[in-house]
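Below is a structure I'd like to ask you about.
Just so it is clear, A, B, C and D label the chains in written order, and each chain counts residues from 1 on its own.
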Amino acid sequence: MNPTLARAVPAPSPALALFASVRAHSAHLAAPLGDADATVQSMPDASPAKWHLAHTTWFFEAMVLERFAPGYAPYSPSFSYLFNSYYETLGPRQPRPRRGMITRPSLDEIMAYRAHVDAAIERLLAAGASPEAEEMVELGCHHEQQHQELLLTDILHLFAQNPLHPAYREPAPAAVGHEAPEAAWIGFEGGIVEIGHDGAGFGYDCEGPRHRTLIEPFRLSDRLVTNAEWLAFVEAGGYRDPLLWLSEGWAQVNAEGWAHPLYWLERDGLWWSMTLNGLQPLDPAAPVAHVSYFEADAFAAWAGARLPTEAEWEHAATSLGALPPQTPDARLRPKPAEDAPGLKQMFGEVWQWTRSPFTPYPRFAKAEGAVGEYNGKFMCGQFVLRGSSLATPPGHARASYRNFFQPDKRWQFSGLRLAEDA
Amino acid sequence: MNPTLARAVPAPSPALALFASVRAHSAHLAAPLGDADATVQSMPDASPAKWHLAHTTWFFEAMVLERFAPGYAPYSPSFSYLFNSYYETLGPRQPRPRRGMITRPSLDEIMAYRAHVDAAIERLLAAGASPEAEEMVELGCHHEQQHQELLLTDILHLFAQNPLHPAYREPAPAAVGHEAPEAAWIGFEGGIVEIGHDGAGFGYDCEGPRHRTLIEPFRLSDRLVTNAEWLAFVEAGGYRDPLLWLSEGWAQVNAEGWAHPLYWLERDGLWWSMTLNGLQPLDPAAPVAHVSYFEADAFAAWAGARLPTEAEWEHAATSLGALPPQTPDARLRPKPAEDAPGLKQMFGEVWQWTRSPFTPYPRFAKAEGAVGEYNGKFMCGQFVLRGSSLATPPGHARASYRNFFQPDKRWQFSGLRLAEDA
Amino acid sequence: MNPTLARAVPAPSPALALFASVRAHSAHLAAPLGDADATVQSMPDASPAKWHLAHTTWFFEAMVLERFAPGYAPYSPSFSYLFNSYYETLGPRQPRPRRGMITRPSLDEIMAYRAHVDAAIERLLAAGASPEAEEMVELGCHHEQQHQELLLTDILHLFAQNPLHPAYREPAPAAVGHEAPEAAWIGFEGGIVEIGHDGAGFGYDCEGPRHRTLIEPFRLSDRLVTNAEWLAFVEAGGYRDPLLWLSEGWAQVNAEGWAHPLYWLERDGLWWSMTLNGLQPLDPAAPVAHVSYFEADAFAAWAGARLPTEAEWEHAATSLGALPPQTPDARLRPKPAEDAPGLKQMFGEVWQWTRSPFTPYPRFAKAEGAVGEYNGKFMCGQFVLRGSSLATPPGHARASYRNFFQPDKRWQFSGLRLAEDA
Amino acid sequence: MNPTLARAVPAPSPALALFASVRAHSAHLAAPLGDADATVQSMPDASPAKWHLAHTTWFFEAMVLERFAPGYAPYSPSFSYLFNSYYETLGPRQPRPRRGMITRPSLDEIMAYRAHVDAAIERLLAAGASPEAEEMVELGCHHEQQHQELLLTDILHLFAQNPLHPAYREPAPAAVGHEAPEAAWIGFEGGIVEIGHDGAGFGYDCEGPRHRTLIEPFRLSDRLVTNAEWLAFVEAGGYRDPLLWLSEGWAQVNAEGWAHPLYWLERDGLWWSMTLNGLQPLDPAAPVAHVSYFEADAFAAWAGARLPTEAEWEHAATSLGALPPQTPDARLRPKPAEDAPGLKQMFGEVWQWTRSPFTPYPRFAKAEGAVGEYNGKFMCGQFVLRGSSLATPPGHARASYRNFFQPDKRWQFSGLRLAEDA
């Protein structure tokens, strides 16, 4: 074999397959959407689908191509302004609440932009990129996976504003309904445990450093709280008793008139829920979703329990070997727990509110440059959610993952699992 | 000739030709728009193009077909909720600031809805409709013409939010620039004059009754105020001198940071204006557009003049025989006055603010039913504009026409003509 | 007689007696107030009593003493900032919504400030002031009379915020209740009439120029609308029928939850009203007070009538010789009409909303300088009220007087009288 | 000795002396205030001084007298409505942002109310109250001490709104200015330590349970950050560099135009600070005060350090024996650190922001009833401050004390001390 030729064949890029699969998944998610669906912004917290598709693409341009692909010229000079999210380091940008004003470029044009960048990244990786470039591509893929989940939750929010209750996708044939199993406590001993990402495989900066922490003996429910249990809370007047609520939560309940989870709807005595499959009868056995931290905390108080800390949750998950799903699942609604002993539903149904504010781990330091803006600057006023949801792309979840939202947010697939002191 | 047969051939409907032409014009206006362009709402005052197209169609359903076409079933039961504008009489409706949330039905589906209603109206008219039905079709046509102008001003506002400054239509070859002629005063004597619609031809309720009014001798400028004149006002510090402004206007100037008309933009010392042809160099000789009543009033004070009353304007127009254009004009920007003696630009360039609040004429009475909600309930807090603009469909304008907006609104094609006491 | 001595005795100042009496009346109005009562601002529209007392004093300093009293030094350099109301010409000032933050100077200190300025003005007038100075003193007195009425309406608003419903003054012994007489129409012929101030005696700039106006034949109610009539409107669902309301008024009704006039309160099926005498049973025969233009207009629509124009009101008042009260009246609540024929209650009970927006009379021109800011800059978005109220100081009202407020304001003593076309 | 008589002499009440001294201190704090000063509310976060004086008195009525003093009748039935703060358990109440509307009762009347309740409590305690009643009196005293500090910070905020910059008390003779000593790090080893209140003496519920926690080796600055150091941060552009700030903090900086601590004022190149002694030259050696958590966090980032956790702070204080002042100090402004080795200024100057969100300690449980609303319901969205300030009453501070505020609040005496990882 000709050694010269051998040298000319670069080592296969570890990031290439991930890149191809992640980018294809975004296109799959966009398929049911029309140009208008993909353009409108239903609230400042949400972004248009088109924006998600373009922003994740811009991320590869700004973080990879402009730094590692010699001679790469940005696809369009205005796109950096239009599709930067919040990187102060990377210049001014379209104000977040005005993302829905951008009717042009159209969805088709955004898909052309994606194709252009895909080709450039694939060329770069095929030609043998530096480890640093490979790492940034990997980060860009995980970043895009986050936006894939947001694309779904944002579309759900948008369609929920439409009195016609359109379905993002038509529902699969209904599963045969079954009861949720009785919840059971699983006990854990206290002591010094280690949590946080250990550096093997991908992890966000805020997941580390891995460190010791002290936990006290506790018990964790073996499954998620269900719609039926939440309905009992509603019917017991849970939304009308101030003593169950945090002060700020009670103010929110009254200001917004909250009386049930987001997307619940009562018609003629029956409960429905707006879903990505359109308006559907509420499944009592399925986990409750679309509740805020305020609501989760009040429910736990009403139930005589509490929410777990994130350390407790992670310790339970790792010590009992709970693993996130690795294969795609076409479901767009949470499903009931299996009737089997042991810890269930840690991943793949709904994110689980913990009582832990999102704060830096000991010795956490922000990275230099734009990447340093990724998580650290949000460490204030938010609570950590653990696990993953049905909308989390396969391969994206792990036990050390720290999702976070403000305590009044409800449009994510957010639910809860109870804990108590042992 | 067989008299029986003769009876079976209905008289040609007077409204049919109008209906066909008006409906076709809306389709022409929608042609350059994509689904996203037609769906997004850029501010609560504006509506999506799709909404204009659907609402005007619903008007024919609710006001004509449901009342005069036996057996007509509404195209979709939800459309009445989605596309009612403000008729309390006709039931609940999508809240105005949320009109932009309706991504489905898509623009294509709205065009199908239009075709369905067009066919039904044409069948009704062809079969010989009652005079009352004919009259409602005529009202519906004039109503749709109002929305045609709004469709254009709303699209301009939407596209102006886009940093890319897209063009709704590409500009026609530029006219050879010319100077505006010197403005001259035209004098009018005072006395009792008659104004208001005399009942011949179509007119809105608020244009009548025709009545006597007393005017004092006055002078009116023979042309509109130009961009060059407005620029002199800007450069003289007009936006910084509180003594020129109404108190509420001055508060607005400061709250919004107004320093020039809406859509003006300074770049490297040159002035540009966002238009339906995209971003274009400011034409100094053309009439200023997109100024509020507050600005028009302050300009007039600065110029040592005042705005005319609506009675003065109408008396000038009718006594000197000013007529609105009757044929289509593809222009999307105002053009300079001709260099010719006499009263110019009364119609077809920009609406002209008057100093008259929009109030009922003597003996005005609201109609019964939903039609009574047309104008009377807005007789508070708005000022009358007279004339018409380049965006007003041909055939829609007349000397007695009373347009009206709140004094802070700027997104219409609104300009001014000066007056003074004689 | 020694001519030298004769020259030394200046002519008696025409303004001196007015000044002394007006200033004493303010002190009388302040007497029931504590330091806290006089300091708090209950809403941006209202001002603290202390502010009224100081601002009217500052007006004499800025408009008279600083211009006409040689060597006069301002009492305190900061007072111009603190107590200027809205004169852009006269420099920056405490923002209106922050007037209630000024706990120091205290009420006692403000009274000392008043005494200082009183002495200076009296010295100036006693020494023989120029006609221009006399005229400004007269303007200052009328200005202070306006604030005397506002002081009372603002205190009522403040005390109405207090759950204890304190009384500003204890009520006089209750009059024997009596029924209001049946309302009757008084007819007026149309034609060209003259309205506006004729220059004899004091008048504000906006009351002139006196001018001709054309009115059509009309009828005016001989008395004000009563609480009993308003209660019938309430009970007939007047606040729940959108067709009675102006569009903006209906929005206000819903946004604020209006269901009755300001200060009405229902307890156990009985109606009460918060008054300057504290909480009192509603007097059915007395004129309704504290209604907005929106409410007055809706009531008139419900009653099958309309509000008069200001020209109609003034013509009726002058042609029938209605005169305002000239002597003080200790009443703090409106009283029922006498049972006597003819036009009643034109003055001295409640201001009467007209359907006329506050606009300039023909040939009105703003004065030069700070005085020019008095009225002209408010000629937008307000409606004219005519007559006067029980809180109007004696000598302040006249037939040409134009009071004006925004159509949503309710804290003045504002009521209505019906009119209709003849 | 007659045993019957002996039994009749109750044991001296432990709470009586505390009660007398705390109540007298409130009167001392109120002495410089007029009725208006004590009534106005300068922002929703602040309360009128009168309200503090009355609310703390109502607390003794509701929590002690009504429960433990047989036959006690409330002083005024309306006071429970007026002066309840946030106890949902104890009924409806005057909305917090409307506390400043209550001009009556006057300050004198509130002082009479205080005297009435003082006498009743003293009678109760003198007669021998139950341990539970004694405990509630003690809680009421500590509660009142909290309001004593707030009374001062709220008055400072109110007086800072007044362009005259009035002084609450005239300043004491100025101390001889001196430089702050160089800051030095003090090192601490990591490990499991105990923090929290141990039950000996008074402590709030949220200070316990005492519990183990794991800390890593760290260093703590031996003194507070000074005004001079903060000025360097200002001059280095600290308020203009987004990378130093939390995302929410950066939004706040821009929305409010923050460019320096609250109460700083630049005039002709010199820096001043509004204080309880009026406007005073900024003391460069004194600790910076009136900074928010956002600012403290940004400063620490700029300085290459971080804020301590509350566990680190408490461990440092207790392991090095830092003690709060026990005797009154008439100072109303922070003073520079002594030039002496060791940990300084842990108490008595300014509260110190920690990076710890205010969360429940392990096994914390809310008390039953109204007392349970004391702290637990605020465990969301706030950060812990440790130490105490010059405005903290003597005897109120301790090492386990957890003060807490939202991260944008600046009107407290809040400063910072730096930490870093060892």
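Just so we're on the same page, contacts are C-beta pairs under 8 Å (C-beta built on N, C-alpha and C of every residue); 3 or more make two chains touch, one makes a residue touch a chain.
Keep in mind that what you see is a predicted model, and the values were worked out from it rather than measured.
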| item | value |
| --- | --- |
| Least step count from subunit B to subunit D, where 1 means the two chains touch | 2 |
| Most widely separated chain from subunit A, with each centre as the mean of CA atoms | C |
| Chain centre separation (subunit C, subunit D; CA means) in Å | 47 |
| Distance from the mean Cα position of subunit D to that of subunit A, given in whole angstrom | 39 |
| Residues of subunit C engaged with two or more neighbouring chains | none |
| Of all residues in subunit C, those that touch subunit D in their complex | 34-40, 42, 50, 78, 81-82, 94, 98, 100-107, 158-159, 161-164, 166 |
| Residue ranges of subunit D in contact with subunit A within the complex | 86, 88-89, 192, 211-214, 216, 242-243, 245-250, 293-294, 297, 355-357, 359-360, 362-363, 372-373, 377-381, 407, 421 |
